[in-house]
Amino acid sequence: MFSVTVRDHMMIAHSFQGVVFGPAQRLHGATFVVDATFRRTELDQDNVVIDIGAAAAELKAILSDLNYRNLDEEFADVNTTTEWLAKVIADRLAHRVTTGALGPSARSLTGISVTLHESHVAWASYERAL
Amino acid sequence: MFSVTVRDHMMIAHSFQGVVFGPAQRLHGATFVVDATFRRTELDQDNVVIDIGAAAAELKAILSDLNYRNLDEEFADVNTTTEWLAKVIADRLAHRVTTGALGPSARSLTGISVTLHESHVAWASYERAL
Amino acid sequence: MFSVTVRDHMMIAHSFQGVVFGPAQRLHGATFVVDATFRRTELDQDNVVIDIGAAAAELKAILSDLNYRNLDEEFADVNTTTEWLAKVIADRLAHRVTTGALGPSARSLTGISVTLHESHVAWASYERAL
Amino acid sequence: MFSVTVRDHMMIAHSFQGVVFGPAQRLHGATFVVDATFRRTELDQDNVVIDIGAAAAELKAILSDLNYRNLDEEFADVNTTTEWLAKVIADRLAHRVTTGALGPSARSLTGISVTLHESHVAWASYERAL
Amino acid sequence: MFSVTVRDHMMIAHSFQGVVFGPAQRLHGATFVVDATFRRTELDQDNVVIDIGAAAAELKAILSDLNYRNLDEEFADVNTTTEWLAKVIADRLAHRVTTGALGPSARSLTGISVTLHESHVAWASYERAL
Amino acid sequence: MFSVTVRDHMMIAHSFQGVVFGPAQRLHGATFVVDATFRRTELDQDNVVIDIGAAAAELKAILSDLNYRNLDEEFADVNTTTEWLAKVIADRLAHRVTTGALGPSARSLTGISVTLHESHVAWASYERAL
């Protein structure tokens, strides 16, 4: 099994609802350093998992829809936790793969995982099939 | 599959028995930077894998039982290798999950993995089901 | 010249005023991984620059006054940039040193610097004498 | 499941053939920081996954065959991408395991994965069974 | 004293002349992760050291002149060592500051330093006044 | 001003005397990731600060005198703190420079600094002239 990962980041504001979140119920924010991993069983004819330039560009495009925003407005009444955002980004990447934005070869990808680092001591991931 | 990871560390002394360990048969020590990962299939009603504050607190509690100690005394006649310690910590975390220390929602966790970084060029992991 | 550095972090919301900030004029947020460095010419009688436990505790106390907050409310009409926040934290640490919160030996410190990492690709520092 | 990882690096020149590679079709180069991970189900009688000194030495030996070289000469008419090189290194490590270079205990290893970091924002992996 | 740092990278081929370089006399390559630091005594009216977006863009422009190239052709008969390249990049950034490419406020900068990381175990820097 | 840094590590046991050290008064240990930085004003005729291979070898030799040891035996009645060890290593490197172990060109070095990382959240440095 092969994989390729690209890294980018976004900076957002949000707050959480529920006593489990303690002081994070207040409006605060985060830098999320985002790693997007693409998997496949065999390399394509160019010997790559994916066009890494296209992968980085699509990740940046998806993050720019969220970057420098208050997620309480983007996703009203949702707890936009690190793990939940990992799924949002993974699903949007998956959609771009299946609609061809990453090229025809990318349709041989078998899985995507996304990790969001919220600090030097905490991160969360979501992994899915394609 | 979702996961959340928290990081902490401990600083211990120990020695190893067996020629394979070379100079590490002498009493020496290590800083272990410890990453504990919790996995589950679906998020709970708060949109989290686990109460991350509780996870960090339980990891710190487990590490404080080992921190600033000579493991040759804590675990007599055992080679307290990095990989073996990863299992000790993972099993202790699993015990706390199953006894409810991490809250009722944590009982839906499906797995735990623990990675101990012993330097910038070596680390070891143990992964188990719950 | 000796120095000791401790690291912690905070997660805040804020926005900037001024066209130079582009999309960062919108309400957004950041995780700041904060490194606080203490300098002195000679070690004290315990062979340390500072009580590292006290240094970490004071840094955490200063960050907890800012953590999980909207800095637009904490510092109205101020652009709370990374470099400006580095000075706020350095000055607060300096105040604690001079008022004795870090112990009598800490009064021999000659300087403090604070670095705030806002992402994996950008950080800012402020350095001052004591 | 247990694993142990060791890290080393190599510095190579190469170029790629195919329009998908854009400016990387020109002769350029890379530092690859290489992580080699060894997996097994149970620890051996010394409580280790592998003799970590032997693992590091074998990884260094494999990398030294590639280090400070122009891969366009070593592997003519091949796109020596990061993901393809991960497989080359993993397969060479697997060969050394199966021929006994890592000791008799290493024959209980169940898998190897190799990750090559080509920058702070991109890396690739190959994972295989033993 | 304030500073702001931005990070980017480039991937180049080169070789060295001189027995001190050993196997690095062969054509090889490197990924250089490049940190550019800008210093000034007081913040400008926006509370920044520099327009960080402009700084990142200028660094990227300077690196793109070197990226994906064989430096043996770009700088014939020069040992393009990590430390020497740090000076090249710092001097080019300084030129852009003094010619106004980073805006009028940037003319109050007092110094620039550039660090090139050639691997996880080696890096080099050049620091200069403005 | 130019500098070059090389990184290595050591794993030691020790304990501290003095109530300021709290639980670290017990026998424990640490991995120290050690960065040694060499400075000079102008590059030598090879365009380097120092023979980086020789620098790495000398650092490794100095660390191997301390590695896998109980520093309570090596330095009886001394608090072998991180900052104090930074000075020990810097002074030993300086001695090797002045006695010619790093070659004749190294005698133009103007300074050395050594940083010891004791964990992901704490490190200490010592800087000296040559």
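Worth pointing out:
First chain written, first letter: the chains are A, B, C, D, E and F, and each begins at residue 1.
Here is the rule we use: a residue touches a chain if its C-beta (ideal position, glycine included) is under 8 Å from a C-beta of that chain, and two chains touch if they have at least 3 such contacts.
If you're wondering where the values come from, they're calculated on a predicted model, not measured in any experiment.
Two chain pairs are in question, A-D and B-F; the one with more C-beta pairs in contact is B-F. Different-residue interface: chain E and chain F share under half of the residue numbers found at their contact.
In this assembly, the C-alpha centroid of chain C lies 40 Å from the C-alpha centroid of chain D. For this pair, chain C with chain F, the centres built from the Cα atoms lie 27 Å apart. Residue positions of chain D with contacts to 2 or more other chains are 7, 120-121. Interface of chain D with chain A (complex): residues 16, 18, 20-22, 78-84, 86-87, 120-128. Residues 7, 9, 11-14, 23-24, 26-33, 67-70, 118-121 of chain D are the ones touching chain E in the complex. Here chain A touches chain D in the complex through residues 1-8, 43, 46-49, 51-53, 56, going by the rule given at the top.
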